[in-house]
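One chain, chain A, appears in both complexes that follow, with chain B as partner in the first and chain C in the second.
Up next is the complex of A and B:
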C-alpha cells in the first residue's frame, strides 16, 4: 500500500512535469506517505501531497476553477482514499464501480467537463481493479470504462502502470 | 444549495456548525438515516449538500471545507492535511469509540481507544502554539475535528479524565463559537450520547478500521521553534533594560510640514477619489486606508512625512451629475467633497491635508506645465474624429460611449478603456458605439485637439524607469502593467476635451476646451500641496531629498507610471517623480462586485450605520487587503476574524496582562527579574517587531499585521504556561515569578499598542490610556524596550473588543446584499431617473440570458429532472420580471403626457 502510494506520487510528479524529485518517506502503521519539503515542513497524506504538487506545478486548474468545482474535486479525492485505499476495498469494489458508473453516466471527467486531479488519482486507484475485471464486466461498467480509457490515453498520465485494454465494440450486446 | 441531514447522526454535527459559521444561504432538510439523497450512490450517505450547479457533496469534511473556504487559500495544505488525517485515522477510531460508549456503555474503554489520537492533536497544538489547529483563525480543520470529538469529549467526566491541556483549551475554544453551540444543542437536544443510539445501531461494524488507531508518532518534532542565538537574546535583554530614556525624542509635527535637510522626507499620496461617487470599501482599502497605514507607520518611525489627498472634481461625470441633481457642477463638488471628507474622517484617515482639484492653484500649475510642454515642443496639434450625439447635442465623453472592444470584442467596452482586456481605446475605434444616455448611435465629427507627444518622451521615460524600478519599491502588478505599456509602444495622447467643467486651455483657439482629466488630475497632487503650503515646491521640485509614494488600485497604474511622469519629465522643471508605486488588486464583495446601482456592498457612508466601530472595519479590510491577488469582503469572515483574532487573541492578551497588574499588584507594574524563558521571549518579540518593521517599510501591510498577532499569540502562550494567577498563591519564588510574568506581559501589551497604531488608531489609544502609557512610547525603533517600568501606575482596564454575533452579521449581510431581481422591478417603479431603468432592464436581460444558458447546459449534461425544472422555473420568473421592466417604460411616458 505504502509503496503503491509513493509510486503514484512519483508518477503524478512526472505527469505534472515537476523536475526536482522530492524526498518521500512513510510513517505510522498505515505507512502514510510523507513529503519532506525544503523548508523542513512535512506534508502528510496522499491527497494533501498530491494537491501540494499540483500547486507547486502551477496547475491549479486541476483542483477546480471555482469554489464549487474545487469542492467536487476534493469530494472525489476523498472518495478515492476512503473507498479505494482501505484494506477492505477489494470486496467493496463492485459496489464502488456501480456507484462510479452511475455517476459518470453524464460526465466526461469526475469534475464534469474538466480534467482534474481527481481523475488522475482515481485512475491510479482504480487501475488494479480494472485489470482484474472481465471483458464482460468492463462492458457492464461501461461509463467507468469509457472514462478510464480516456484518462489512460492522456499524455503522461499512464507512467508506471500497464495499459488496460478496453474494447470499443460491445460483445455482450444483450447484457445491461 | 440544500443541505440534507439526519437526526442523531454525529457526522452532521460538524456540517451544521460549519453551516452556522459560514452564514451560507442554504435550506436544511432533515431526512431519515436510510434515505438515499445522492442519486448516484447505491446506499444512503448523509450529510449531503446539493450545490447550486447540481452537483452533490456527500462527505461531511468536504462539505465543511466548502462552506468555510472563501477565496484566500494560503492555509489549504495544512487544513487539507488535518482533514485527510481525520478522514482516515480519527473517524474510524471515533466511530469505534462511540459504539463502545453508547452501545456497550464502556466509556473509559472508549476513551482509551481514542487516547493516541488525542495525544497526537495535543502535541500538534503544543508544537505550533497557535490558537487553532492550523493558524490563529478558526478553519474547517477545527470544526471537523471538534465535531468528531464533541460527542465523546462533551461528556463531563470524559474531558477531565484526559490530561491534555492544549487540547482541552482548544476544544472549549471551538465549542464556544455560538455556531458550534447551536449545532451541538440542536443535534443532542439535551439527551447526550443516547441521541446517537439509533444511528450507531445501523452502522456496520468494521473491526479492522477500529484498531487502526494513530500510534505515537516519532516524526513529530519540535523543529519549527525559531532558532535564537545567544547574541540575539543578550542584545534583546540589553535593549530592554535601557528603557524609554535611551530612545530619541519623537518629532513634533508643525504645519506646514516641509522637507528637512539630512532627514528622510516622505511624501505620500493616495489616488484622488472621483468626487461624484460615494467610495465603497474597495476604494477605501485600495488607496486612502493603505496610504494611511503607511503614513502613520512613517510618523512612528520618526520620518518627516507629508500625506496629501483630495477629491478629483473636474470632468463630464460631474457635469452630468449636476444636471441630474439640478445643481451647478461646483455645488455638486462641494456637496460630495464634504461627504468624502466625513467618510475619511470616520475611518480615521490621517491626511495632513485633504484638498480638491477645483482650485486656482490647480489652474495655475496645470497651465504652467502645459506652457512648458508647449514651449519645449512636446505637444502636437491635430484634428480628431470624435463621437457626437445629435440627440444630446454634445460631443460624447469617453465614459458616455459604450460599444464592442476592437481588440477583444468584449461587448461592453467603455469609450476609454476595455474592462476585459484592459487596453486603452479611442472612442471612435469602438465597434457599434452607443450613447450611454439616450442609446442613439453617435456620429463622428472633427474637432481640433492637443496631444502629448509620448513617443518623443519615451527615451527619457525609459531611462528614468530603469533606475526607479531598480531602487524603488513597486508592487509586482505595477511593474508588470508599466512594462507591458512600454512594450506595446507609446502613442501621442490627447490632453484636451470639448467640455466646460475643467481647467481651461490657455490658448485662444482652444477657448471652448479644457484639459482632459488624466492630464489634469495627477497635477492635483501638486496643487493640493500648494493649497496646503506656499512652499509646495520644496516637496514637488526636490527629487533628491524627497521619496514619493503613490498609493492606488491597479487600474490607475499607467497614468502614474507612464503618462504623468512623461508630462513632468517633458516640463523640465526638476519635478519629484514617483519613487514607490503601490498598487492593490481588486476587492470583491462576497461572491460578486460592489455595485452602487444594485445596492450591493458596503459604501463608505454606510459603514458607520452598521454599529461596527471604524477600527474593526480598518482591521478587517487590512487583514484581507488585496495584496498580490484579488480578495473578497465576506461578512462571515469578518465575524470570524473579529471573534478569533481580535477578541480571543489580541484583546484577550492585552486585557489579561493589564488585568493581572490591576487585580494582583494594585495597579502598579511589579518588579521583574528575567529568567531564561523571559529573555527568550524578549528576543522572540524583538524578532517579530523587526519583521514587522521590514515588511511595513516594503509596504507589505497585510503581512506586517500578522506579526502583531504573532506577538500577542506568544504573549497568550507565555501567560498560559506560567499561570501567574496560580503562582501568586505559592511560595516567595512563585510570587516573584508571577510578578515578572505580569510585568513582561503588560510591557508586551504596551508594545502592541504602538505597533497597532497604524492599523487601529483608536484601539491603540484606548490601550495606552488604560495602561497610562507615556506618550513618548509612540515611536517604533528596532528594539523592544521596557516601556512601563516597575512601579508604573496603570489606569482602569476594560475589554477592548466586542463579540460579533452570527445573527447580527447575517442581518447586515442581507441588508447589503442588494436587491433580488424581482425586487429590482419594485425599486424601478419607485425611481424616476431613466439611467437606472436602462441599467436594470439590462441587468435583467443579462440574467435571463445567463439563466437560459445554464438551463441548456444542465439539459445537455442530462442533469436530474427535478434540478432542471427548478432552474427552468427561475428562468420563467426572470423573463416575467424583464417583461414587466420593459413594459413599464411606455406606461411612464403616457403618464407624462
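Up next is the complex of A and C:
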C-alpha cells in the first residue's frame, strides 16, 4: 500500500511536470505518505499531498474551475481513498466497478467534461483491478474500460504502470 | 429406591397417563371421523353403482399381459389435427395435467413432446362418476382414451395441438403412476430465472439426474436426445456416402493408448486390463489392414477426476481415421465437411427440436462457413495477443483462452465452427507427425464449436522408426506399445484422423451449458447411478 502510494505520487509529479522530486516518508500503521515541505511543514495523506503538488505545478484547473466542479473533484478524491484504499477493497472491486460503470455511462471524465486530478488518481487506484479483469469483464464494465483506456493514453499519465489492453470492438454481444 | 423418588416416578406416571389419555381421545376422534368419511364414501359409491350408466366406459382394466389383439388403431397425438375433426379415435397417452371444474374435467394428454387438451364432461356419454374418476387419475399415468376430435375456436396456447381438442367418451388406465412424483415436469422445463420472477420452482440438475427417467420425459429432453440421435445418423450417413467403412473395436485393452494416467483399470482374470480411452490404436491398425477409410461410434472412457461442465468419465466417441495421398489436409477437409453436413442436416431436419430446446435454454443459432475456416495455431496466438493475452508460442491453449479465441473468431469471421491447425508438437501425443517445415510445430488440429474443443486430430506417424524415436522422446515404455509400432512395419499408408465427443457436439450445437444435459445417463467422478 505504502509503496504503491509513494510510486503514485512520484508518477503524479512527473505527470504534472514538477522537476524537483520531493522526499517522502510514511507514518502510522497504514503507512500514510508524508511530505516535508521546504518551510518545514508536514503534509499528510495521499490526496492532500496530491492537491498540494497540483498547486505547486500551477495547474489548479485540475482541481475544478468552479465551486461545483471542485466539489465533484473532492468527492471523487475522497472516494478514491475511502472506497479503493480501504482494506477489503479488492474483494468488493466488482461491485465498485459496477457502480462506476453506471456513473460513467454519460461522462468522459469523473468531473463530467473536464480532466481533473480525480481522473489521474482514480486511474492509478483502479489499475491493479483492471489488470486482473478478463476480456469479458472489461467488456462488461464497458464505460469504465472506455474511460480507463482514454486516461491511460493521455500524455505522461501512464508512467510506472503497464498498459492495460482494452478492445475497441465488442465480442460478447448477445451472449446468453 | 427412596420414597421421594418413588413419588416422583408415580407422578410422572400420572402425567404420562394423562398425556396418553389425551392422545387416545384424539385418536378416537380421528378414527370416528375416518369411519364417518368411509361410511359417506361407501354410501356414495353405493348410490353411484346404482346410478352409473357409464360404468363400462372407464376404469382400470387388467394388466396387459398380451391376452388379446384388439382391432384398434391408436392414433399418435401429433397426428390429431383439424383434418381428423369429428372422427372418433383411440389414443394412448400420459396424463400430463388434469383440472376438474364442476361437471367437467380438462386433461392434457401427452405423448413424447406433443400434447393435446382433452375434456370429459357430464352428458349422455359420461356420468358424474366417470368425470370424477378421470379427475382422480394420478399424473403421469398411461391411459387409453376414446374420443371425438373437435375443432376449437380459440387456439389452445399451452398445447402443441392447438387447433383441436379431444372429447373423451372412454378412458381406461393402462398403467397407474404413484400419486407423488419426485419432480414436476413443468418445473423441469421452466427456463432459468423465469421461476424466480413468478415465485415458482425450478429443478436443480442433481435432482433431475437422480430421477432421470422422469426428467427425460420433458419436452426439452425429448428434443435433445432426438437431435442427438440425428447427429449419429447424419455422421454415419455422410461418411458412408464418402466411402467409409464402419468398424467395431474392443473397449477392453491391454495398454493405455494416450498416456497411462487417465485410464480405468479392470481386473481381467489373472491380470489387469484397461478401458479404452479411444479406439486410436485399432482404427490405425485398420488403416494398416487396408480399410482406407474407417469410422467408429462407441463408448470411450476417461479416468480424469475433473468435475467440470464438459467432462464425463464415459462418453460416446465418434472416431474417424483415413488414409490420404499426399497431404493431411485431404483428411481435415473430409472431417470438416462431415461436420458441416451434420450442422446442415440438423438445421434443416430438426427445426422443431431446436426450437423446443431454445424455449428453455435460449441461444443464438449455430453459424458456420463453407468451406470451414482454418486458422493456424500461430494466427490464433497472434489474435489472442492482440486482445492483450500474454502467452508463449508453444504454450497450450488454456480453457479461458480457448473460449476467448472462439469469441474473437466469431467477431471477425462470424462463425461458431473453425479449425485450428498446426499445433505445437510439444503439447500433442507421441504419435503426432511433426511439421516438416518447422520442427516446433506438428501436423495436428483441433476443431471448435462455440469456442470449445470438440475434436482433436492429427496426421499420425506411419514410419516405425520415427514413431519409436518420438515414443522414446515421450518416455514411453517401448515394450508396452510393441504391437502398435510393429503394425507399421509391413507397409503403412500415410493417414490422419480425429475423434469427436457426441455429447459435446450436442451440447455446443444447442448452446447448452452442461454436458450432463446431453448425456442420457451421465457418468462422472461423482455419479454412477442411475
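Just so we're on the same page, the second predicted complex is superposed on the first by the 174 of 176 C-alpha atoms of A that agree within 3 Å, B and C clash if a C-alpha of one lies under 4 Å from a C-alpha of the other, contacts with A are read in each partner's own complex, and residues count from 1 in each chain.
What we mean here is this: contacts are C-beta pairs under 8 Å (C-beta built on N, C-alpha and C of every residue); 3 or more make two chains touch, one makes a residue touch a chain.
Keep in mind it's a predicted model, so treat the numbers as computed, not measured.
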Review point. On chain A, do chain B and chain C fit together or clash when superposed?
Key: fit
Check your understanding: Given the touch rule stated above, what does A:81 touch, chain B (first), chain C (second), both, or neither?
Key -> first
Point to revise | Contacts of A:45 with chain B and chain C, given as first, second, both or neither | key: first
Practice item. Could you look at A:164 and tell me whether it touches chain B, chain C, both or neither (first, second, both, neither)? Key: second
Practice item. Specify the partner with more touching residues on chain A, choosing between chain B and chain C. Key: B
Review point. In the superposed arrangement, which partner chain does A:107 touch: chain B (first), chain C (second), both, or neither?
Key: first
**Study point:** Partner chain in contact with A:68 - chain B first, chain C second, else both or neither
**Key:** first
Check your understanding: With the two structures laid over each other on chain A, which partner does A:10 touch: chain B (first), chain C (second), both, or neither?
Key -> neither
Exercise for review: Rounded to the nearest Å, state the minimum C-alpha distance from chain B to chain C in the superposed three-chain model.
Suggested key: 21
Exercise for review: Would you please give the residues of chain A that touch chain B in one complex and also touch chain C in the other complex?
Suggested key: none
Check your understanding: Considering the complex alone, what residue numbers of chain A touch chain C?
Key -> 134-136, 164-167, 169-172, 174, 176
**Study point:** For the chain A and chain B complex, residues of the former touching the latter
**Key:** 27-30, 32, 34, 40-48, 51-52, 55, 67-68, 71-72, 74-75, 78-79, 81-82, 85-88, 95, 98-99, 102-103, 105-107, 112-113
Study note, to complete from the structure: Residue positions on chain C within touch of chain A in the complex are 361-364, 387-389, 400, 404, 407-408, 410-411, 511
Review point. Which positions of chain B touch chain A when the two form their complex?
Key: 39-43, 51-53, 55, 57-59, 61-63, 65-66, 69-70, 76-77, 80-81, 83-85, 87-89, 206, 208-209, 212, 214-215, 217, 219, 223-224, 861-863
